[in-house]
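Chains: A, B, C and D, in written order; residue numbering restarts at 1 for each.
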Amino acid sequence: MSVIDIPPSPVRLAAVAAPGQPEPTPALEQLYRGFEQELLVPLWTQIGDLMPREPRSKASAHLWRWDRLLALADEAGRIVPVGRGGERRAIALANPSLGGRPFATPTLWAAIQYLMPGEDAPEHRHSQHAFRFVVEGEGVWTVVNGDSVRMSRGDFLPQGGWNWHAHHNAASQPMAWIDGLDIPFSYYTESQFFEFGRESLPPAERISPEFSRSERLWAHPGLRPVSQLQDQPTTPLLAYRWVDTDRALAEQLALEAEGVPATLSPGHAAVRFCNPTNGRDVLPTLRCEMHRIRQGASTLARQEVGSAVFQVFEGRGRVTVGERSWDVARGDLFVVPSWMRFEAHCDKNAASLDLFRFSDSPIFESLHAHRTLVQPR
Amino acid sequence: MSVIDIPPSPVRLAAVAAPGQPEPTPALEQLYRGFEQELLVPLWTQIGDLMPREPRSKASAHLWRWDRLLALADEAGRIVPVGRGGERRAIALANPSLGGRPFATPTLWAAIQYLMPGEDAPEHRHSQHAFRFVVEGEGVWTVVNGDSVRMSRGDFLPQGGWNWHAHHNAASQPMAWIDGLDIPFSYYTESQFFEFGRESLPPAERISPEFSRSERLWAHPGLRPVSQLQDQPTTPLLAYRWVDTDRALAEQLALEAEGVPATLSPGHAAVRFCNPTNGRDVLPTLRCEMHRIRQGASTLARQEVGSAVFQVFEGRGRVTVGERSWDVARGDLFVVPSWMRFEAHCDKNAASLDLFRFSDSPIFESLHAHRTLVQPR
Amino acid sequence: MSVIDIPPSPVRLAAVAAPGQPEPTPALEQLYRGFEQELLVPLWTQIGDLMPREPRSKASAHLWRWDRLLALADEAGRIVPVGRGGERRAIALANPSLGGRPFATPTLWAAIQYLMPGEDAPEHRHSQHAFRFVVEGEGVWTVVNGDSVRMSRGDFLPQGGWNWHAHHNAASQPMAWIDGLDIPFSYYTESQFFEFGRESLPPAERISPEFSRSERLWAHPGLRPVSQLQDQPTTPLLAYRWVDTDRALAEQLALEAEGVPATLSPGHAAVRFCNPTNGRDVLPTLRCEMHRIRQGASTLARQEVGSAVFQVFEGRGRVTVGERSWDVARGDLFVVPSWMRFEAHCDKNAASLDLFRFSDSPIFESLHAHRTLVQPR
Amino acid sequence: MSVIDIPPSPVRLAAVAAPGQPEPTPALEQLYRGFEQELLVPLWTQIGDLMPREPRSKASAHLWRWDRLLALADEAGRIVPVGRGGERRAIALANPSLGGRPFATPTLWAAIQYLMPGEDAPEHRHSQHAFRFVVEGEGVWTVVNGDSVRMSRGDFLPQGGWNWHAHHNAASQPMAWIDGLDIPFSYYTESQFFEFGRESLPPAERISPEFSRSERLWAHPGLRPVSQLQDQPTTPLLAYRWVDTDRALAEQLALEAEGVPATLSPGHAAVRFCNPTNGRDVLPTLRCEMHRIRQGASTLARQEVGSAVFQVFEGRGRVTVGERSWDVARGDLFVVPSWMRFEAHCDKNAASLDLFRFSDSPIFESLHAHRTLVQPR
């Protein structure tokens, strides 16, 4: 069963009377039959769709409410077991304009994952890059190559491709979080590898330390272990804790108030989660950031090549994506398709609006194809 | 009219009895209806397709015969005008497994372009990277930012995104060549920009010099103009001439015969067209190479992440792509989908088998996602 | 007055009977006179010195005792004013084999700087890269481009070339610290620029915040301000605090005790101070690290191209540099000339031996000239 | 015997009455005696020399006449044998202000090397980077790792550190050329390694091919052997032939005449010899270029951090270096010390003035310490 098969439709060409199209004649029809037979498609029938003036996304701006996601995930927790084969109790956002595929945008996967008390999600590894972000709850540890990483509210856990990983819920409550991956990108580009791991974790890895070994080695600002100097395209730091993220955002706004340039625009602080070995994005295909908009403030309007998914971490406000606008609250998820205009505004009665964001920008920057258009205020 | 629209199908989930799937029950059916309503798709129904053990391409191995392409292009030359709107008389290969889309592979566009004597293809520019390769014929000049570049048999003409370009046929014969672009990749990732240029070229640009200005500046081995030191992600050299390519390949085989390591494997010489400013691929998304297999010799069998298109430039031989095999001759085009095994063998009666190849490998190398598997002999 | 002038000696050549030298004859003597007159020197008379089998440093291994340095700096504090012209009350280590020059090694400058209560060192900037390291004391703030940076025991303060900076002592006690720069390297390579700044700091910059603006922006592990994405060859983080350094070293030893690879060798922890924008050395010419050797443990013996200066931060132990060995204690400084073997051992009665180290290694790594030889135990 | 030993002078400090200096008093004298005893030098006595406003080179602008060099080299050819120990009949330029050391500038070595008919210079390798440039003559082959490379007028032969190499004169005439190396830089920074090679070349390497294997693999514009994709910090191309260099320079001037930007400034063409694997300088420490100044034209006046050595390849003209000016002709060598103003003018009666130039600029660019000041006309 697959909702994402490409229909096996053959080449079908129709001669039509339209600007830029050759005049329909019997000769043209005969030519088109020849093209169909030889599996050929002329550019002149496709150019408007293939080569637009600027990106016109197939995807839609769309919002998913956290309470609905959580309720369904909880229900799934009760009736769908987690285990080898299905691998994860992860439920993915399916953009309404992408044909029922479990793709939040053409390149990005976003899912809510849910683990019941005492449950384990089995070990595997895959070439797709992934992260977890925790909007609420605690009690699950992700075990990456044998290193147990605590997951708590506000924490961001990146995980480069091809690392072994499993999850286990050590608490007496279920826990939900979101997974972000580049599954659609690697699906379209056909570059995925996957392997099953051990059937269960040994006791030595089913532990619940406050800090992972990766943090103890790497989470010291500006300090690099001299034993770890080799290049690493994905971050070796497996958890970015909320206490650090929160402080960094608060300091940007405090510096701004002191007249020091620190924010992206007035009232809009933002940090990017980075690979400490090179200062670049945590993952080669995924950019992950936390944004904070001050009480009553707004972001600048922005268009960017590539797509993004946001989750509201805290606060209330209003976001606009292209022609759509929504009032948002904790946990809500929404997508910004390529080149659609995005703005966010923090409610006057909220201390701030904190938005977690991930996007596919590193792909375009690596390929020198990135463009951004920021509307000055 | 578009053959490539994504069908507006909604989310459809079916509870089935299958390994790794939850047992079909009324509760599960009800959960699936909830998912459909909220635009959610669970991973456990999709994982086999999304996360295979290794890439299983949707595309097929397929061969297009040059004589058929040429005949249809010639017919199009007679009945389809070239001009603004349609922009180019380019007829694209449509992989039989990609739903009738004009995509040779999921990421690559390959088309035969055809220009009648005296005809012009109008000026435009686009963010997609492109090249032309000439398997036979001459008489057309491509004008890139005002620089006239001759096109003759064996020449390779790369052209980075966002450069203005037009073509004009200065000869008394029609001319055909192939165009390669990253149109499918930029289409899926929604990162394309396009602009129309001038309606016609001024006389000063409708000239027919033997060598372009770009060649006069850049086509000197190991020499860089000191006036041109800035970084350039796409090559500033607009033509790679056959005389150079042929000599480089011949020297590799001659060195091999002298016992010097120079070839990829015994009897298999290969050069990559490179950006002289950084030694890397000519274009950020496209790798372009010329391969020569000595009389009676074979390549090693090779699997690679990402897809490739080949055109036979000269000689006769047999190529194998996955489960398919064909005898090939001048001009024939074939595709190698991601991770499919490829081998080529030069006929005992041909001096050599020369293959032009282009692929999407730079995308994967930039993103640290490239893998290659070479079968030792 | 300068102790570092190159003597204006002319070319002087002597024909000698020695292996590898041409036989002394009147004709050779006449040839040598011709060389002298034309300012020429034949390789064959110099090759042994110029092109040795491996680096043979002109510099000596040498140790300076902290109590002697501090006593002389204190005396200088009483009788030598600090102000424009002299610029700094900095007293440099002069390697005994470098001709009385104030060079700790052929490339590195190391000095003790001393500031009396209420004193200011005037603002200037220079292309040389610099840092300060505080072995004891507090009360001085360094003001870098208007940003006040506290200096306390164990803190490391890097400062890339061409940034304005001044110091002021806000305390009631004198304070000493060490300065490290690449003055000898830029002196030999003749690449130095210098400018005087404002005569005195405005009150708004004579403040004593606990944390600098640079720390508030940058000292968050793995987090980068999205407003600060441009490349920076020198670190934007102006202070690396002891609390972080100490914790990072302690964690490495704790991880080692748990069986996790984290240290350089058993009992030897080390962190490198890095530029958070690229994960590389804080300064393009200077590598700065803190090493901790566990009670009773030793480092591996190591030879490295390029030279280093060490200061004992805490503990007691014994260090060996080439043929020399010393018992060391807090504040002692010593140099390791190029390719001389270095080892350190922590005393059995000391909790640990903490060594601050800086070297010129980034120069050689940038130029692909770095080599290291580590003696396995 | 060595002319380059550092004098073993101890620290000597004198209290003097001068601006910026502390007032001479008995206490100051006593402090200075303490400094001398402890091997310390205060910054305030040295800052003017160590930290000037801009580079003030210890080296002098100086010119060496080719006829005098050649006559002395020829004399050396008659009376000084070449062989193991002395290694090369290379006679180095000794800048008149660098203490009789065989250093053309503080970082660069330039020597005339001379080989008699039938003579061999023995094989060795060293970490210093080197090149040969041939102002006239032919008949010598340099054998690099067993690859015989012809040396003819106008050819440039780079050779990265740690490659085995020997020379042999296969002609019936003596031959001279110049060697350039980074010997002074590696001497000061103490980073040199050296090894002797085989005592004599086997017959298979004493051959005289027109083109080396390196050229046959690499001297094809924009084409890279697919068998040679690994990163190479030094160029794999061992000869840059005059025919290519000459054509590249001629084309730049021709393009300029057609109104196309191609030259550095009007009438001033220049090419840089580059590493085809990365488009950067041929050697990590040495920049090598050929400049052509059109009949009657001049370069812009230019100051640059770091030093350069020029050799006149062809033509006549006048060059100005700081306060010095000379009329120059074929073969003349001159040095441009750091930050000294340089200009060149081609004689009205010469077709052009062709200047070979090498400098240490890559060192400064790698370390982000490069600066250039060009005087607009």
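Going forward, a contact is a pair of C-beta atoms (placed from the backbone, for glycine too) under 8 Å apart; a residue touches a chain by one contact, two chains touch by 3 or more.
Chain labels with UniProt names: A, B, C, D = Cupin domain-containing protein.
Note that the structure is a prediction, hence the values are computed from the model and not measured.
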item: Taking each chain's C-alpha mean as its centre, the one farthest from chain A; value: D
item: Contact-richer chain pair [A-B vs B-D]; value: A-B
item: Distance between chain centroids, defined by C-alpha means - chain B, chain C (Å); value: 53
item: Averaged-CA centre spacing for the pair chain B and chain A, given as whole angstrom; value: 30
item: Geometric centre distance via CA averages, chain D-chain B, whole Å; value: 44
item: Touching two or more other chains - residue numbers and ranges from chain D; value: none
item: Pairwise chain contacts under the document criterion; value: A-B, A-C, B-D, C-D
item: Touching residues on chain D, where the partner in the complex is chain C; value: 1-14, 16, 18-22, 25, 27-28, 31, 34-35, 38-59, 62, 64, 68-69, 72, 75-76, 79-81, 84-102, 106-107, 111, 126-128, 161, 183, 185-195, 233-234, 284-285, 305-307, 337-339, 360, 362-364, 366-369, 371
item: Contact set on chain C toward chain A in their complex; value: 213, 216-227, 229, 235, 237, 240, 244-245, 247-248, 251-252, 254-255, 260-264, 270-279, 282, 289, 291
